Amino acid sequence: MQEFDLRRRCAAEALGTGLLVAAVVGSGIMADSLTGDDALALVANTLATGAILIVLITILGPVSGAHFNPAVSLIFALSGDLKRRDCGLYLVAQVAGAVAGTVVAHLMFDLSLLDVSVKMRTGAAQWLSEAIATFGLTATILAGLRFRREAVPWLVGLYITAAYWFTASTSFANPAVALARSLTNTFSGIRPVDLPGFMIAELLGAVCALSLMTWLLRPARPVETPTSAEVTP
Amino acid sequence: MQEFDLRRRCAAEALGTGLLVAAVVGSGIMADSLTGDDALALVANTLATGAILIVLITILGPVSGAHFNPAVSLIFALSGDLKRRDCGLYLVAQVAGAVAGTVVAHLMFDLSLLDVSVKMRTGAAQWLSEAIATFGLTATILAGLRFRREAVPWLVGLYITAAYWFTASTSFANPAVALARSLTNTFSGIRPVDLPGFMIAELLGAVCALSLMTWLLRPARPVETPTSAEVTP
Amino acid sequence: MQEFDLRRRCAAEALGTGLLVAAVVGSGIMADSLTGDDALALVANTLATGAILIVLITILGPVSGAHFNPAVSLIFALSGDLKRRDCGLYLVAQVAGAVAGTVVAHLMFDLSLLDVSVKMRTGAAQWLSEAIATFGLTATILAGLRFRREAVPWLVGLYITAAYWFTASTSFANPAVALARSLTNTFSGIRPVDLPGFMIAELLGAVCALSLMTWLLRPARPVETPTSAEVTP
Amino acid sequence: MQEFDLRRRCAAEALGTGLLVAAVVGSGIMADSLTGDDALALVANTLATGAILIVLITILGPVSGAHFNPAVSLIFALSGDLKRRDCGLYLVAQVAGAVAGTVVAHLMFDLSLLDVSVKMRTGAAQWLSEAIATFGLTATILAGLRFRREAVPWLVGLYITAAYWFTASTSFANPAVALARSLTNTFSGIRPVDLPGFMIAELLGAVCALSLMTWLLRPARPVETPTSAEVTP
């Protein structure tokens, strides 16, 4: 029933996560090099990230589902929409693609291949930010798929556009992207030592959203009521 | 006929209003901390607010109607599209959600739970701004529902994007959000003493829009003309 | 065949042009008061104008066609899509609405009702800018109506977003809005003495676009070929 | 089967490429004249370019396919979707339109007709940037046409919005536009001597995307399986 075989689905996950990270990291480097105003740099970073998300989810969604995010793949594995084996392969593809994305961004801006970040992002407020960022992202995806499937690329792009600004952590909301961002010592970086806190918070936020949305979106009555013919013994 | 029961509809109103306020207040704090240019801070605040509105109305609209705004719920109660009892519960949910949104924003940015605003927003020009802001919002919703129902999330998000800039009050246009913004002493705050003026102006603007739009949008002829069979006695 | 009577269509033209001018003038005042950077002020002015155009054309288009612009109404009168008498009344409504829009913006920002602009906008480069701005706007509308009618609000909003930046005149492209902008001595103003040059250039640009698009978009063959049954004598 | 004759298709390619270049060059001049902050100038340049791309591809796509880009036309010639002779004429129209676009932008801003750029854009990082920019653009177009044809204007506009920021070269991604930008000594210019490097990189990126996407998007099974009736001899 799956139109695309697993190899190509994993390729799509790797390609999409890679271009997403290249956009996040690259636009951070570009913005930082052009202005001294951090808000303006974040506006540029936001524009690039929101726009590329809409594009990538639209063009690769029909191939792999366009998760580009281990938290999202895990949610679909938990809800039974993604086989466990496929989920494992998706995660590998996402992490590999994400790291490649950082490398590509560095090469485009003439930096060394990888460079460990020294940017501190830790503490309860940051963790709460990541939990809420991923909670909102997951809720957006689940409700979007339920009500307006064709709009999901826009919903995710717009959600992240907002979340870059309303969370104190600028909303990583993605363990694979977080890992890749620990390997760049530029605008969008994060210290490797701060990764576990971010990743745990992200997964907790995603699981909370799955619980809440399962209750909130459940159809009120059985979707298909038996017709009189069917109940006749 | 309602697909979702009242409990979940109220939960959706609380969740949506809460995330909306968290986005408004949080992005204001973030922007203010990153730049000294107030126009740039308002650009960031606008981006976040417009984007999250489109997302929240799309994903929660099918559950509760996605009012997130007592002025909007009152208009639907007046026009008969929302039962009085439901309207009362919606208002409670919106106010509770809105205040929780301020708390969440404060926690994410490591501030005290609530903090009363000292930002003065009063006087005839501000009140006119709020009346016009809510007039336009209500007109947008009523005409949008009449002509392009599926576009309403976009219309509201874009309307507020514009209204943040063309009104002197930056367009609160929402009594529950205004109340929640009186509890944050940051970029988007408002003194509690200035709330009544804002709320009255907002409700007046909404009612004016309902009157005007009822006339402007009324079908020219009866929508359903009786067929010959039906008029036969 | 027209669903809405002429009175309501004129009311929609007045309301839409008024809110458009209020957004253009109001956002200019707001932006100018918040920053000393003219590019940032124009970004804010662009955001507000583009967003409100999409909203107003979507919600009032089904009532009146949502011209809000004498150049557009004249093009439709020339192409036979608008009766001459209706065109005259549309123009009156647009001018009245536009001036009211300036008044409302001034009241919201606590300025005197009207104030003649002293901002010079004249010379061949400005006139060419206006001609090209209106040429592009008209071409966008005509081709949009031919190929993607439901997308016209977006096309117009996005076109003006671009044209604010790529023309030296910031793309007024609208004689009624230009007139209303001569009555505000703020960011978006224009000296009354410079109006005739702008208006003539705008009308020339619109007529050029009508000629070119009539040729470019004409169906290659008769749209409805007679069936064999119909040609049988 | 083509609704529009070749003359009008070439006219559409020239008009579209011309307006695109006028928007890129014009908005660069405008932004540069209004601010000293290069990031803000690039934000404005990005807004104008993204918006005009969505408009032009929507309104001219049904006439000519709206390539506006020799790299795109070559890809369609390689994939058999554009006749060789038509491709040659498209290229001529695109280059002529692009140069005219620079002239029009210069006239609108009161500059000499053409002026050779002295802005250096060369080296491996720039070339990699152009290759990746055009790779992404081509992949976006090919996958967009396969899955969401009506969304292609948006996908291209949003992709370029992101790519302006995440590539070190600000993503020319278009040999005809690059040529036209070598003739303006303003914000968006490029030295003529740097053109070959850009053009070769762009074409390589486009061809790589064609290869990858041909594999990634190929239907898993024959799209139309024969019915039992058809296989009956």
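Going in written order, the chains are labelled A, B, C and D, and every chain counts its residues from 1.
Convention: a residue touches a chain if its C-beta (ideal position, glycine included) is under 8 Å from a C-beta of that chain, and two chains touch if they have at least 3 such contacts.
Predicted model, so just to flag it, every value in this text is computed and none were measured.
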What's the call on chain C versus chain D, same or different interface residues, using the half cut on shared numbers?
different
Computed over C-alpha atoms, the centroid farthest from that of chain B is that of chain D
Would you kindly tell me how far, in whole Å, the mean C-alpha position of chain C lies from that of chain A?
40
Using mean CA coordinates as chain centres, what's the gap between chain B and chain C in Å?
28
Using the touch rule from the top of the page, what residues of chain B touch 2 or more other chains?
37, 40, 43
If every chain is a node and every touching pair an edge, decide which shape results: line, ring, star, complete or other.
ring
Which stretch or stretches of chain B touch chain C in the complex?
37-40, 42-43, 46, 50, 123-125, 128-129, 132, 136, 139-140, 143-144, 146-148, 151, 154-155, 158-159, 161-162, 164-168, 212, 215-217, 219-220
In the complex of these two chains, what residues of chain C are touching chain B?
3-5, 8, 11-12, 15, 19, 22-27, 30-31, 34-35, 37, 40-41, 43-45, 47-49, 51-52, 54-55, 58-63, 104-105, 107-110
